[in-house]
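Each in structure tokens, the structures are laid out below.
Across the two complexes that follow, chain A remains constant while its partner is chain B and subsequently chain C.
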Partner chain A sequence: MKDVAVVGGGPSGLAAAVRLAEKGFDVAVIEVMGELGGMLEQCIHDGFGTKVFGETLSGPEFAERFVKKAYSLGIQVFLNTYVKQVKAGGRVKEIVAVSPSGVQRLETRAIVYAIGCRERNGFEIRLGGTRPAGVYTAGMVQRLVNLYGVLPGRRILIMGGGDVGMIVARHLQLEGAESILIVFPEAGFAGLPRNVQQCVLDFGIPFKPRTVVKRVIGKERVEGVVLTRVDEKWNPIEGTEEFYACDTVILALGLVPYTGELKLGVRIDPATRGPEVNEFFETSVEGVFAVGNLVQVFDYVDDAVETACIAARGVEKYLNGGLKTSPVRLAPSGKVRMIVPQRVEWVDEENVVAFLRPAVEKSNARIELRSSGGKVLERFFRRYVRPSTLERIEVSRSVFSGQREVETDIADG
Partner chain B sequence: MRQILQTAELLCTRCPRGCLLRVKVVESRVAVEGNECPVGEKHAAEEVFNPRRIVSTTVRIVGARLPRLPVRTSEPVLKSRAIDIVAALKNMVVEAPVKAGQIILKNVAGTGVDIIAERDMERA
Partner chain C sequence: MFSLESKVASVLKKHPYNISFRIRDNIVFLEGEVESHSEWVEIGLSVGRIKGVEGVVNKIRWKGSGREVEKEEWRRRVFEEKRSTVVGEYDVVIIGGGVVGAALARELSKYELKVALIEKSTDIAAGTTKANNGMIHAGVEPPRGTLKRRLNVKGNAMYGRLAEELGFRFNRVGSLWLITPRTLAAYRKYLPGPLYSLVLKHVLPLVVKIKGLINGVRGIRVLKGSRIFELEPFATRDAVAAVFIPSTGVVDPYEVAVALAENAEANGVEIHLATEAVGFIKENDAVKGVVTNKGVFLCRYVVNSAGLYADEVAALAGAEEYTIHPRKGVLLVFHRDTGVFTRHCLAEIILPQDPYTKGGGINPTVHGNVLWGPTAVEVPDKEDTSVSREEIELVLNKYSPIIPGFPSDRLIRFFAGVRAATFTEDFVIRPAKWVRNLLHVAGIQSPGLAASPAIAEYALEKLREMGLRLRPKAGFNPRRRPMVAAASMSLEELDEKTRMNPAWGRIVCTCEFVSEAEVLEAVRRGAKTLDAVKRRTRAGMGECQGSFCTLEIALILSRETGLPLNQLLKEEGRLFNGHVRGEHV
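The block that comes next holds the complex of A and B.
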């Protein structure tokens, strides 16, 4: 029997596995793909690791540090292995997994889920028109271009002005696309300023804000799209339709936690769309932890990795019989879209690390934690907050003592 | 009268706010508008006089499990050279095995900067 089984061999899963192995636990990593590293293998641009390593690395470089560490610690790695079924109700948990060598059963005392996120697809936004070849998700394009050297097309339309859309635009520009246009229903880009400057402005890539694809046109292959302008509520404005010729449509519609693959009845937070977790990233099922982009989609891999490191401490406490008290709910409010963790319940001394996404754009903002009676328990000053940047706060333990619910809000500075 | 040598608009990338900086270069100094804090001025000067980026792309690799090897410049290079750098690597072929950090091409496109492998690639 293993002490811990980590499901998912991306950066978060590997970070959890490495931390736990360093603490002396017997750890196995189960990865569905043929190699470790997860989505970072296709993210060949730089900018990873500024918080964890204090230097800027490419995706593969960041991943490789954890992969090498995992192998050097003797962590057992199952590649090409898909978790089919999990029984996690008791102290001994059973995983049934399928791989080319057959069906395997693995018993473990704790599970860390790190299966990341998935891309939103055309069906979720009811993309209209025909279904020709040449419609891809952005992540698929990254894989094709960066792992296989295949350019998906020459005349490119990208739907989505977030970080992924911008980064894919830069790759395609450098790799020889003839034309690129980015359309987005918002008034401006939704990603980090760094990406707006370095991916879009550096190369002068055209951008149409307040614009969406009404339908895709083409029989065998994409021949173009019908674009339409939208108002602030994303409603199409009549009479603004225009044809745009292209051979490729790339969907960069955002990422959502991959909870569809969680085969146990953990509670899901409708705001994050990931599992609800406590301050050590334990789900509503005891001894089952969730980390990284599965919990909520992070802007920085560094933050995702931090959740794994925090969870490793939680797994240690769980396996050593640590104590819990009655849970204190940590809730978002009007100006906070979501917060992780959703509850605080372990007996522990250290500060609680929380990540929250603002619902508003504001300068000189104060992130406030309030009791249910409205008393401000702790506040954090920020020069500027905006929805596209996740905020990390470190909350004193004492804030939660004697409370049943603590609310987070953003007030004027 | 002072001569304005160059004007530029760029986004400050030092914080989430992303101020739109309107920059004028006047006698080798920058005059910045649109910045909400002093960091913006420093950023504008760097971006105008020395706009450097790490350039990432892939090259063909034979004898490995995958057909492409991700590579990058070993240091930031002038951003205007990005397209030349990728073009210089277009027909390049390397042979597995390769180690992360290994120099794949010295002094790419005359920039004085090397191209290095981003990852290990075993012989398959």
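The block that comes next holds the complex of A and C.
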């Protein structure tokens, strides 16, 4: 029997596994692909590791540090192995996994899920028109170009002004795409400011804000799209339709926690679309933890890795019989779109690390934690908050004592 | 008695256009000019409804209609290039590899005949068949006097055995037609007070039942009150009565077509994909050869089961007896986890039927997904499989009241197919009037999938009447080895298989739990494109809609076929279209 089974060998899973192995636990990592590293393997641009390592690395370099560490600590790694079933009801949990060597059963005392996120596809936004060859999600394109050296097409339209869309645009520009246009319904790019500068502006890649694809045109292969302008509420403005010729439509529509692959009835938070977790990233099923982009999609891998490190402490407490009290709900409200963790319940001394996504753009903002009676329990000053940047706060334990629910909000500074 | 001429003339007089016509052997040829495509459809249909009309060739132009000059040019060029390259000599050449062509191919493979099936696409079932909702209708709906009606009930009854022989999934789930206060709302004013509920509860269900009985559908029951919800727990509590039709079934339409084609091939039929008829070599009133982009298929008999293109194929052969008016149907696909909400093919009777959604409903699939739709919209373009947001909303609004608790946010995909309807709105299965050895199997619209086994038998009988000699083949094997799916195995079975072949344990599509071994088997059976693999294995049909597995499948296809990644096809178009790094530009 293992102490801990980590499902998912990307950066968050590896970080959790490494931390736990360093604490002396017997850890296994189960990865469905043929190698460790997860999505970072295809992210050959730089900008990873500024918080964790204090330097800026490419995705594979960042992953490599954890991969090496994992192997040097003797963590057992199952590659090409897919978790088919999980029984997590009791203290001893059972994982049934399928791999080229057969169906295996693994008993473990705790499970850390780190299976990341998936891309939103065209059907989720009800992208109209036909469904020819030439429509891809951005991550698939990244993988195709970076790992296999093949370009998806020549004339590119990218839907979505988030980080992934911008990074893919820069990449295709460097690889010699004939034309690129980025469109998005917001007034400005939704991704990190550094990416707007480094990926789009520096390369002079054209973009159209307040613009969406009304329909895809093409029978065998994409022949173009019909673009339409939208108003502030993203409603199409009549008379603004125009044809744009392209052979490729890349969907950079954002990422969603990949909860479809969780084989247990954990509670899902509709705001994050990931599992609800406590301050040690334990799901609603005892001894089952969820970390990284599975919990909510992070802007920086460094933050995702931090959740894994926090969870590792939680696993340690769980395995050592740590104590819980009655849970305090941590809830978003008003100007906060979502917050993780959703509850605080362990008996512990250390501050609670929380990540929240503002629903508003505001300078000189105060992130406030309030009791259900409206009393401000703690506040954090920020020069500038915006929806595209996730905020990390460290909340004193004392804030939660005696409360049943703590609300977060953003007020003027 | 009025002559056919005078009947057609009087129907055309009702339209405000100067439409000229001529009639040859009960086929009406229309010419003229109208404003819109919908008028083109309407006039065609009004002529098609005239008793005695056996076909409408609608050459009326509308504003925006045009000849497909490029296509005609291409056909002429290929015809000249290929007319003297002989592919082979056949007793029968079937043009069109949809479910009907495949069913007939399999039927013919029971006899000592040399048969070729040619299909213009890169796979079997790539046209109308693949976009069908998979329903095997019981046969209550087709009107009296139609061929549809004769062949629907018979075809339905043949499915059980066919499924067993060919190893495709077939669930006789039954259908449940709900009657609610909405059902006759349009007639409310004629049915005052308690009369309305009396008609709803007692008269209408009985009328439906009797209609079914007349059509030969057995086992129909009328249900009331809680009996309805015992059968279908999530059905709307508005239902005051329901008609239960036990013989309705569901299949996976491409699994059926592929199974038929595979079995036909195993029994000696040649299947030629990416092979498109561009013209015919004729001698007097007989076809001697079908000219295709691959060369000439010399033949004694030709079957035109070209679906949406049957009118064009017929015209190329000098057998133009009908025009196809494409009718699009939009379908919504919901995640497998919604399967618990629907046990039967579920519909609400609303009279009069909405012309844009008639015939649709909520259908379970053999895989656990649920389908809503289809719509029914006349479109000018045979390949208009587009779906708009408005169409999605239309379907959602229409069917949401039937299952109020259904999680319609679990919509994972939508698609559209185009039905190959003729203006007589019935199957056209008969020898060509002016070509001695050509059999039309055209106008196969709903319930074509349900009827297809019976269509094949009926078409075979027609070929026999046309003089085709049928000597049973001694070695005919009716059975096909089914595709085995990891998803339907027990863990013990999967373990055992994996220990013999590790590819079973490599899961390439996690959403649908598809192993590499299944992909390899699909390729071994002839799948050459991403979509062909998808239809055979379900890889890419789950929640992520292929964003993870597309590349995995492409890599396997590339390895197995020897084609580089950037030359693989999705269906007919290049999956990846760009240059390869290093091979610049």
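Convention: the second predicted complex is superposed on the first by the 413 of 413 C-alpha atoms of A that agree within 3 Å, B and C clash if a C-alpha of one lies under 4 Å from a C-alpha of the other, contacts with A are read in each partner's own complex, and residues count from 1 in each chain.
What we mean here is this: a contact is a pair of C-beta atoms (placed from the backbone, for glycine too) under 8 Å apart; a residue touches a chain by one contact, two chains touch by 3 or more.
Bear in mind the structure is a predicted one, so any value in this text is a computation, not a measurement.
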Clash-or-fit label for the pair chain B, chain C on chain A: fit
First, second, both or neither for A:K263, with chain B first and chain C second: neither
Touching partner for A:G128 - first (chain B), second (chain C), both, neither: second
Cα-centre angle that chain B and chain C span when viewed from chain A, reported as a multiple of 10 degrees: 110
Residue contacts on chain A - larger count, chain B or chain C: C
Contacts of A:T137 with chain B and chain C, given as first, second, both or neither: second
Touched partner set for A:K362, first chain B, second chain C, both or neither: neither
Which of chain B and chain C A:R386 touches, first, second, both or neither: first
Touching partner for A:T248 - first (chain B), second (chain C), both, neither: second
First, second, both or neither for A:V103, with chain B first and chain C second: second
Partner chain in contact with A:Q197 - chain B first, chain C second, else both or neither: first
Chain B versus chain C as contact partner of A:P60, first or second or both or neither: first
Smallest separation in angstrom, by C-alpha atoms, between chain B and chain C in the superposition: 5
Chain A residues contacted in one complex by chain B, in the other by chain C: 145, 148-149, 175
Residue numbers on chain B that touch chain A, as the complex places them: 10-13, 15-18, 36-37, 53-58, 60, 65-68, 70, 72, 79, 82-83, 86, 100, 118-120
Touching residues on chain A, where the partner in the complex is chain B: 34-35, 41, 44-46, 56, 58-61, 63-64, 145-149, 174-175, 192-194, 196-198, 201-202, 363, 383-386, 388-389
Contact footprint of chain C on chain A as seen in their complex: 32, 80, 82, 84-85, 96, 98-103, 118-119, 121-123, 126, 128-134, 136-137, 139-140, 143-145, 148-154, 175-177, 215, 218-221, 247-248, 258, 260-261
Partner chain A, residues of chain C touching it in the complex: 383, 385-389, 392, 411-415, 486, 491-492, 494-495, 498-499, 502-507, 510-511, 513, 515, 542-548, 550-551, 555, 565-566, 569-582, 584-585
